[in-house]
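The structures come next, written out as structure tokens.
What follows is a pair of complexes built around chain A, which joins chain B in one and chain C in the other.
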Partner chain A sequence: MSQVAAVRKPSRPVIGATAVAEAGATDPPWLRARRDEAWATYQATPMPSTRSEEWRYTDLSRKLQLDELVVAHGDRGPGAAAILPDALRRTMEQDRDSAARIVDIDGKVVSVELDESLARQGVVLASLRDAAREDDGDIRRLLATRAVPASDGKFPALNAALWNDGVYLRIPRGVRVERPVRLSRWVSRPGSATFTRIFIVAEEASQLSFVDEILSPDFETTTLVNTAVELFSYRGAQIQYVSLQRLGRGGFYLANQRTLAERDSTLDTLNVALGGSVGRVDLNASLLGPGAHSDMLGLYFGDADQHFDFNTSQDHVSPNAHSDLLYKGALDGSARGIFRGIIRVHEGAQGTDAYQTNRNLILSDDAIATSLPNLEIEADDVRCSHGATVGQLDAEALFYLMSRGLTRGKAERLVVLGFLGEVLARLPMGGVVEKVTNAIVAKLRGV
Partner chain B sequence: MDDAPILKVAGLRAKVADEDLEILKGVDLAIKPGEIHAIMGPNGSGKSTLAKVIAGHPAYEPTGGSVYFRGEDLLDMEPDERARAGVFMAFQYPVEIPGVSIANFLRTALQTRLEDGEELDLFDFQELLMERMEQLEMDPSFAQRPVNDGFSGGEKKRNEILQMAVLKPALAVMDETDSGLDIDALKIVANGVNTLRRESPDKSVLLITHYQRILNHIIPDVVHVIVNGRIVESGGPEVALELEARGYEEYRKAHAA
Partner chain C sequence: MPGNEVIQGLGLDDYKYGFVTDSEPVFRTRPGLDAEIVEQISARKDEPEWMLKRRLKALRIYESKPMPKWGGDLSELEDTLRQTYFYVKPQEQMERSWDDVPENIKETFERLGIPEAERKILAGVGAQYDSEMVYHSLKEEWEAKGVIFDSIEDGLKNHPELFRKHFGTVIPAADNKFAALNSAVWSGGSFVYIPPGVELETPLQAYFRVNQERLGQFERTLIIAGEGSRAHYIEGCTAPVYSTDSFHSGVIEIIVNRDAYFRYTTIQNWSNNMYNLVTQRALVHQGAHMEWLDGNLGSKLTMKYPSCYLMGEGAHGEILSIAYAGDGQHQDTGGKVIHVAPHTSSSIVSKSISKGTGRSSYRGLCKVYDGATNARSNVECDALLINETSRTDTFPYIEIDEKSATVGHEATVSKIGAEQLFYLMSRGMDEAEAMALIVRGFIEPIAKELPLEYAVELNRLIEMEMEGSVG
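Showing the complex of A and B:
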């Protein structure tokens, strides 16, 4: 990710009605109508400003000029998979075991590989664009309606209007996919705006893990990647979703993620933010049935002027559900980390177990961490806790490690890795731990 | 055997780094290879400060005198350089390092002792670690636990001895390693030190303690009494026994500030 891509002249439409029409050109009528509706919602919704609590620390008026972006349509053609960028190929080669693999370049799926035995068991993995065209009924019912609808806000509306492609994954009842399904994404165009959707349904008692990794070169101009993630776990199902955000500098990563966990299902997420200049993730976990469980993990490591903003909510709609959030971040240089989280225990959600922890490690005088945990409880028989810490490298710990022969740099590296590693240890997915650890070590070499 | 001292402390003065509080007021000490020295003293006498100044703890600032280790000026070296040169301090209060396993920590510590480009043999390392843990009656699962995280007091002290046994320093400074240990744990710790010495008779030990008890298990060559930042008496093991019988009170009176 060291090369800097050159700025090109816009050859595609800017964000506007024309782009919406173009995005929906090959869509079935119901989907075109949904895009138009979303576009109307987008236009009617004011741009979030720092006056709103949820955007107080991320000033879009300074960080994102939407009208300067060019909408990416990923027009590389069908042969694109054969000429994958080296950086993407390298990271894909590190993924030793995969049940399935899907590659997306500039917002368009260029290849889908699915283990044949899984296909025989009824697992469906496809480009979302293709899947929507052949709609199985569920897409029409659920896409941008229940999880990340346009009505959720400015960016959910924009994504619902402009999404170009994405992932459709369905695991049939009782099928357990042991190895991860991997999405490898690459963004190449400076100044582009990519709109992608990830739509995953795990039917009753099925199981899957999904790794969504995104990379790009460094950009001289702000380059937007907007992702809407809709995850549905039906009764007794298990989903683990991991996002590895490794964009180059100049990247602006903006994700709206929603997990809907039904009775006795498990829906865990891990958001890893390492790259880009700005990363903003809105994650809502809804616990919709008794016995539902969501582990919500986050890891961020910012340096230079990187800015990471996480806005999470844990919605306990049903009684007797469990959610446990742990977000940990290390911040160096003049990086900024913001965590704002809320646990909402709805009326009647008795027997709720909900926890929320955010811990920050500050590595330089200019780095800033802001942590805003919150609780909103409308039931009386619940166990909830929230906690936040912002601390510096412990001088005593550094001395301890140095007294065993480790240089200051090595000692710092070990403390930071240990601190962040706690998050990875909670979701030890094949390849993810090594990959994230290596990426952290690479960033730490500058410390 | 070379008769030159491995550690030579001369007229050492030191204060708390952030305050104008002098703690060491001229300490003289010479330890030869293979010798075990014990330093005994009451609370506040400066015995732990001496250990920390030797190890390079940033909370203390040397203000005079010198410390030479194998002829090198120790006070001029960073803590990690001192460690790689062969100085080890067993902490009185070992520090918790969450998320870093003992195995990973020790592997990294050994790796830093190798030349650039030289790689630690992981098989040999594993073998050494397991052998040392067995000697210290530690369960093998210990190796995967985060350093001192959630350890009991006794486990922490044992972990210090484990590190010493793996790193095999030329000079081990033991800062009140015996405090807070029951007799069984004390024997295991003493056994760890004695094993190291049996394997390499030229290893030196500076044992800092409040109590005579541990000296029944690790027999010192020389016992020093430190009071108010100065060594006021040095002699054989009998000094410790006298001290145990008479207490620190008369030393304290004789050497009041």
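Showing the complex of A and C:
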């Protein structure tokens, strides 16, 4: 299959007002207005520079030339779903069971499959573009307003102005979706910029797990994928969101994720970064009601000149909520890993339990790890701790394994897998563990 | 939350040093800062041309650098500085005997317990009053061994080559805005030289007192510890309580040569109207050992991060930091360790207590450069919050460019645990005793490092203020 390779000369506009107008051409008026407003915010917001604390270690002026990118418009026809690229098809085949699947190619949803029985229970899974056009009221109220609004920064504004398509998923009250809902994304066009939004609402006491996997071939030129993820768990609901970032080299993955967890709800996230040349994830978990809980997991494995930057925050607004973050990374070649995390315990958020751990394994002389685990605490009845470590492979563990007859290479692979495996063990989801383990093993062959 | 009164009982909030001494300075510059004032300061000190040039250059750097946007709230500082006296000369010359120090100034230091401490346990004492050192002395036995302990001005005058070789090499004027300011208007501070192999058995102490309202104090200290030497330097700081804000911005440069050991202890107990923005840095050479013991109890806002640059193989740096932030205070403190050479090791331990509307922030950096093989560093921060309105932050930066480095950071934040209280009370203590015991236990690991047996002033701070009238 080579349809994907048949890339046409890009004729779409560069990032600008024309692109905004085009993105909103078929939108209802409220959404067009929202895009215009976001575009104004984007223009009024300076490009983040390394002089700002949050971008200190990722120099956009060197890594991303926005004006050279062409806005992806996902303009393939309705037959696209039938001609999926091989790599995407292969990874989809590895997914074991799914409750539903949505496929997005170059920023456009090409197919949506939802289990009959779930549809009957009122579960809604749709292209966000279509859903916004029909609007159930909630979209208008919540889209790019509460979770990832344009006012959050340069890229949230850009996404709110230019998003082309994405996922709308709504789980009605009390409905439990036992198997994962999967989003499979593919980016094919070198030098393109794709803007996608994921919008998930889990109503009271409902349950859902969602896997967002993205792949691409290697690119000669920088190719941007920008994703805004808005997750809402209402009272007593449970959401697990997993992002599997497996772009090819040349890919620049830029994600803004926010989870809003209301009373007694659980909103867990797992960010896995394996691919692309640059990955930057801004994740904010807001604990809005007592009893809310967020596990925040991260796993990254960088080699060659890969650059991964995670910027997380845990906002304890309400008392008696719990959040627990664990980000672990291994860095090989001249890769660079940056973790910057902050726990903010707001005034009055008594009884907060918040933890934050970042651990890094440096596998080569040229790899660099930077860790900035921060705390800001404005309540006194709290339990908070954070820890960060940077180290190399444990010599004793290696020695032990080698004394049992393993070669050095095998022993090293085992230790790294064990180190990173701790993260996967905290959120074992069908298909994800195997895929990630295989990807790590493939990378480790070079160690 | 019980126990406000208990914590008050610990005495941390009672400021005993807020008295004003009635004394007329012999000279002071007009409020504010410009090149003319810098020239006046330099002329008063009868300085060589090169120093004046440096001061003027530093002034230009200061003016060109923006006010920091991080750390504490500096929004009112520019207004404060416009009305600040940058130089106030309290007496004509520095004295070598307490008897010659003017009566009212001497009295001030007596109330602070300094001359008594000197007689008992110190190798040498320097006392700064407003902008100048008013007193400096060193016991004869140490002078005979070649130890130099002088005011910084006399260091420049009497040891010009040694001074010029090292001055500004550890902290250049361009390092940060306040280092530039200090480099332009510095006055007072110590010049210390410990010859190779000399081991000082008792500490040197410098005492900094601000008396003049709206004063800016800019002490500058340069310390050179020779190969294989050992010494301990203590500084203490207090000031009267005025309704206007004062400003203290010191620069401390320390060179710890091969295999030497140096400990620098600060007990900062400025009144709550003082901005305290200090740059302290040590270059630690091969096999040498540097310790910063940093106690921040006073001031309105302190921003201070003592640092160790571990330049030679096997160098070791240690920073012990304790901060107490009471109502309206912000202690933005911490430490930096920079590993440049192989087999270097470092440790930072920070403990803070925030009470009332106080805020304590730990801000630190651990940097390991490529090539600093087998570097090891560990950072531990613990924060205790007493009230609902108290606040604490932790901002550690960890930057590792070396594969074989091992670096860890741990921090915890807690309030006094109900379980701990219950346990102690079940053993027959009343609540006040139990609270006090827990607070003492919390700061114990650092408090025990303080040279209790030495300076009276330190004893006061630790015993009276930390332990207080318990039971």
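Definition applied: the second predicted complex is superposed on the first by the 438 of 447 C-alpha atoms of A that agree within 3 Å, B and C clash if a C-alpha of one lies under 4 Å from a C-alpha of the other, contacts with A are read in each partner's own complex, and residues count from 1 in each chain.
Throughout what follows, a contact is a pair of C-beta atoms (placed from the backbone, for glycine too) under 8 Å apart; a residue touches a chain by one contact, two chains touch by 3 or more.
Only a predicted model underlies this, so the values are computations on that prediction, with no experimental measurement involved.
Residue contacts after overlaying the shared chain place A:379 against chain C, while chain B stays out of touching range.
By the document's definition of touching, of the two partners only chain C reaches A:360; chain B does not. With both structures placed on the common chain, the touch criterion links A:369 to chain C but leaves chain B unconnected.
Looking at the shared chain after the overlay, A:403 reaches chain B, while chain C stays out of its contact range. After overlaying the two complexes on the shared chain, residue contacts for A:389 are found with chain C alone; chain B is out of touch.
By the touch criterion stated above, A:425 is placed in contact with chain B alone, chain C being left untouched. In the overlay built on the shared chain, the residue A:415 is in contact with chain B alone; chain C does not reach it. Once both structures are placed on chain A, no chain A residue is touched by chain B and, in the other complex, by chain C.
Interface residues of chain A facing chain B in the complex, by the touch rule stated above, are 394-397, 399-408, 410-411, 414-415, 417-422, 425.
Across the complex, chain C meets chain A through its residues 1, 70, 368, 370, 383, 385-415.
Of all residues in chain A, only 53, 347-348, 350, 360, 362-392 touch chain C in the complex they form.
By the touch rule above, chain B contacts chain A in their complex via residues 55-58, 78-80, 82-84, 88-89, 91, 94-100, 104-106, 108-109, 112-113, 146, 163, 167.
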